[in-house]
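Listed after this line are the structures, all set down as structure tokens.
Paired with chain B in one complex and with chain C in the other, chain A is shared by the two complexes that follow.
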Partner chain A sequence: MELDELERDALRELANVGLSRAATQLSELLNDHIEMTVPLVQVVPYDQVTQALQLDPHAMVAAVWQSFSGQSEGTSILMFPSEDSKRLVRALVGPSMLGAGEDDLRGIEHEAMMEIGNIIITSGMAVIADMLGQEVRMSLPGYMEGNLPDIMEQRNRDNAGREMQAIIMFTHLKAAQREIEGRMVMLMSVDSVQVLFDRLHKLLRSL
Partner chain B sequence: MKRWKSGLFNTPLRIVIAVGVVVFSVEFLFMALLHDVIMPLMSFTVSDRIWSIIDAVTLVVLVSPVLYFLVFVRMQRDFAELTRLFANLTDTLMVGVLLVDMDLRVHRWNQWLERKTGISSQQACGKLLTELFADLNSPRLLSAIELCIKHKSPQLISQTLNRYVLPIPLVSPMHDLKLMQQQVSVAPLTNSRGETLAAISINDVTESVAKSSALARLAMKMESQSNRDQLTGAYNRHFLWSWLAPQLKQSVRHSQSLSCLMLDIDYFKRINDTYGHDVGDAVLRGFAEILHEQMRDSDILVRYGGEEFVVLLTHADAAVALEIANRILDRVRKTAIAPLEVGDVRCSIGVSSWTPEEPCSAEELLKEADRRLYHAKHNGRDQVVIDRESSRTLQ
Partner chain C sequence: MKILIVDDSMTSRMLFKAYMPKDGQHELFEATALPDALEKMREMRPELVVLDYNMPEYNGVEMAQAMLGAGLKAKFVLLTANTQRTVVDSALAVGFIQVVEKPVNAVKIAALLAQVA
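After this line comes the complex of A and B, so read on.
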């Protein structure tokens, strides 16, 4: 099950359209000009996700996740390097954090990241649901921090025993004069990915 | 009528008795009719075995619709009860719950919201959110409702990034907060016809926001108190060192000069001894005030010791520093400080500068200013010393 270059480009373009919508919403929310692009989309089997993400396995990662159900089931995880996400949130909500203690600060960061991640994941999954031609129901978002293997292991517990594939969107976020490289991983069953590929084929043939 | 009905059906035992009575009387009548009227008329005889079969079949045919009906009535009542319970459930919650559709029309409005907004459920249901809150100004709420209904993805609206979601005034304003601080989530709710509503739940977090901002204010106050001299409001030595090191780094980075004035009130001990400590304190306060007037916003004033002050001038080379120092000297001479006459208070000033051409450490900068202050004192007081050569010759 492979995508050719044309199909990968098409998927990337769709992802770009979806995430630029998220950027518009974030700009409105954060009162700042925010750009989001997807320079690369990959589809890999589950056991290759960690390598494919191209992240330092020891570095701390801040992750927001939402699981989804319906005809397709799985989990979407958005990851940013912990330090970057902290700096981003501090730059964006700086004034309201003045005088906050270290614990408050962490709470504020988690909450802000969760909402930002919520918006990005929703837009990303809207693209996927659109491609699948299915209705996908999302859970409320959750937040966690840890190194990459920990996060992947924790999030894949629900899917244990099923053959999973991962769609990886490399995201490039520009906000508050900063640039942050993130990854959105959508873990879903091989069958769902197959449906997505078939629809992508059809879409490209109809053009 | 209603009492009779509920009386008949409200316990299982009564239902069984009622059904039994009805079924057996009907069956008795039917069998009597069959046995005594129809059979003789048709001159037809059957064995007892056949009779018992007819009997059993009649019983089943009679009993099943009645039982079916009873179970149906019962189930419907349970279902209605459950629906009512669920409807009331939202009223028992300590959070605001409302249902809206894509057009922002309200479909449900729980008691908590009635209480907090003063808008009754009757008034709210069927109206648009924008009609209920003319000052609704939360683009995030609107986009969250859209994302939620369109993409079936619940949305969190955090208090961190969104101060006011629904503008609900507080009955008793807390500190400087006039509107309820909220943490909101929007989740999709789809009915069997596939229509999706957005279920919005609202947590009142005003109290915790007020608490944490009060704590933050307290922390800031404590910090500013520990950085400042209580008497004059000038910064203390502790702050001087924490401020100067990063400031010098910045000067290095941007190649900007920075100057230091070290000031001392002349014959301060004599003022204290003659007029008492209260007047001494007033002089210190008045002196600090004059310094403040002559400084720019980016400069800082430090009470360095008893009657010794330091003014740090950012982006100022020796020429600018000299000008400011002379202005201070002039103001002090011409001002009547506290209960004293014009000219009673004089001061001496030593000036040193850090420049990209002649950098030095923070300690050296202060030591040099102190050395020049010493020479100003030695030279007859009431003057500014800025020149290294003259200070050297005086040594």
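After this line comes the complex of A and C, so read on.
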């Protein structure tokens, strides 16, 4: 799907407002200054998504995902390089990890990452839906680690036979004196993407 | 009132413009980055400058500091969805009179204009 400059700008602004709201909520939870920005948004067919994400396909990635439904349906997947995200989580929730064994530590890390991912995805999706006059319902979050092709394949498993597209938001997260690059992907059928873009066009026409 | 909005997003500037009252009382100018904003301030002398927080080179608070440093005075308002304490405090410390939460709507803009009138 080809977007013109204004449509790309509008999608990027929606993503920036959504993730800035998420940063506000995260800062309250973690008592730290958090910034999240979206410098770039792309829309690509599913078969190009792994390449378009510009992440090492062999590197381990930590991913939190949530399905969404409403006028548009799909799955939102938030991904960060595994080691970066673990270091960040340790810096943010470090005090609660003191004295924990290796297994407990991993459990706390996963829980914390799922909660952080849940806040980012839900806030982001809620703002995008509100600004486009849509209603969105989110599933509970799931968490997985793996390489990029495995993660995308698993999350696309239920979409066999459907033409899928991905809206990719390149994200920059700054927290606990660290900066990490991540990706938020909205994996949706072509029909659902069209519904979302129809709403976007309606918004732009109203201005 | 002369108002300058500084935001790298065309959509955000369009939203702000769309929700401004159409009463002929206000003149809106736009800028996308610091050099352009400084030039518009010198040329147009706006009474109110509305700055986005999240911009590529300098954030809105840093831009206001640069404007003040260049001897350009106005009432500053920060426009952001990132309303965490540290951001709001940094804006107030520079002298911003208000932080307006994105996304904007007609009610928020009317309240802002009533406050600065």
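Criterion: the second predicted complex is superposed on the first by the 198 of 207 C-alpha atoms of A that agree within 3 Å, B and C clash if a C-alpha of one lies under 4 Å from a C-alpha of the other, contacts with A are read in each partner's own complex, and residues count from 1 in each chain.
Just so we're on the same page, a residue touches a chain if its C-beta (ideal position, glycine included) is under 8 Å from a C-beta of that chain, and two chains touch if they have at least 3 such contacts.
For clarity, every value in this text was computed on a predicted model and none was experimentally measured.
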| item | value |
| --- | --- |
| Simultaneous placement of chain C and chain B on chain A, clash or fit | fit |
| Contacts of A:28 with chain B and chain C, given as first, second, both or neither | both |
| Chain B versus chain C as contact partner of A:39, first or second or both or neither | second |
| First (chain B), second (chain C), both or neither touched by A:125 | first |
| Contacts of A:114 with chain B and chain C, given as first, second, both or neither | first |
| Touched partner set for A:9, first chain B, second chain C, both or neither | second |
| First, second, both or neither for A:17, with chain B first and chain C second | second |
| First (chain B), second (chain C), both or neither touched by A:207 | second |
| Minimal inter-chain CA distance - chain C and chain B, angstrom | 13 |
| On chain A, the residue positions that both chain B and chain C contact, one per complex | 28 |
| Chain C-facing residues of chain A, complex | 5-6, 9-10, 12-14, 16-18, 20-21, 23-24, 27-28, 33-37, 39, 127, 130-131, 204, 206-207 |
| Chain A partner contacts - residues on chain C that touch it in the complex | 9-12, 14-15, 17-18, 53-54, 56, 80-87, 102-103 |
| Chain A partner contacts - residues on chain B that touch it in the complex | 139-140, 143, 147, 150-162, 185, 187-188, 212-213, 215-217, 219-220 |
| Touching residues on chain A, where the partner in the complex is chain B | 25, 28-30, 66, 70, 93, 96, 98-101, 104, 108, 111-112, 114-116, 118-119, 121-123, 125-126, 129, 135-141 |
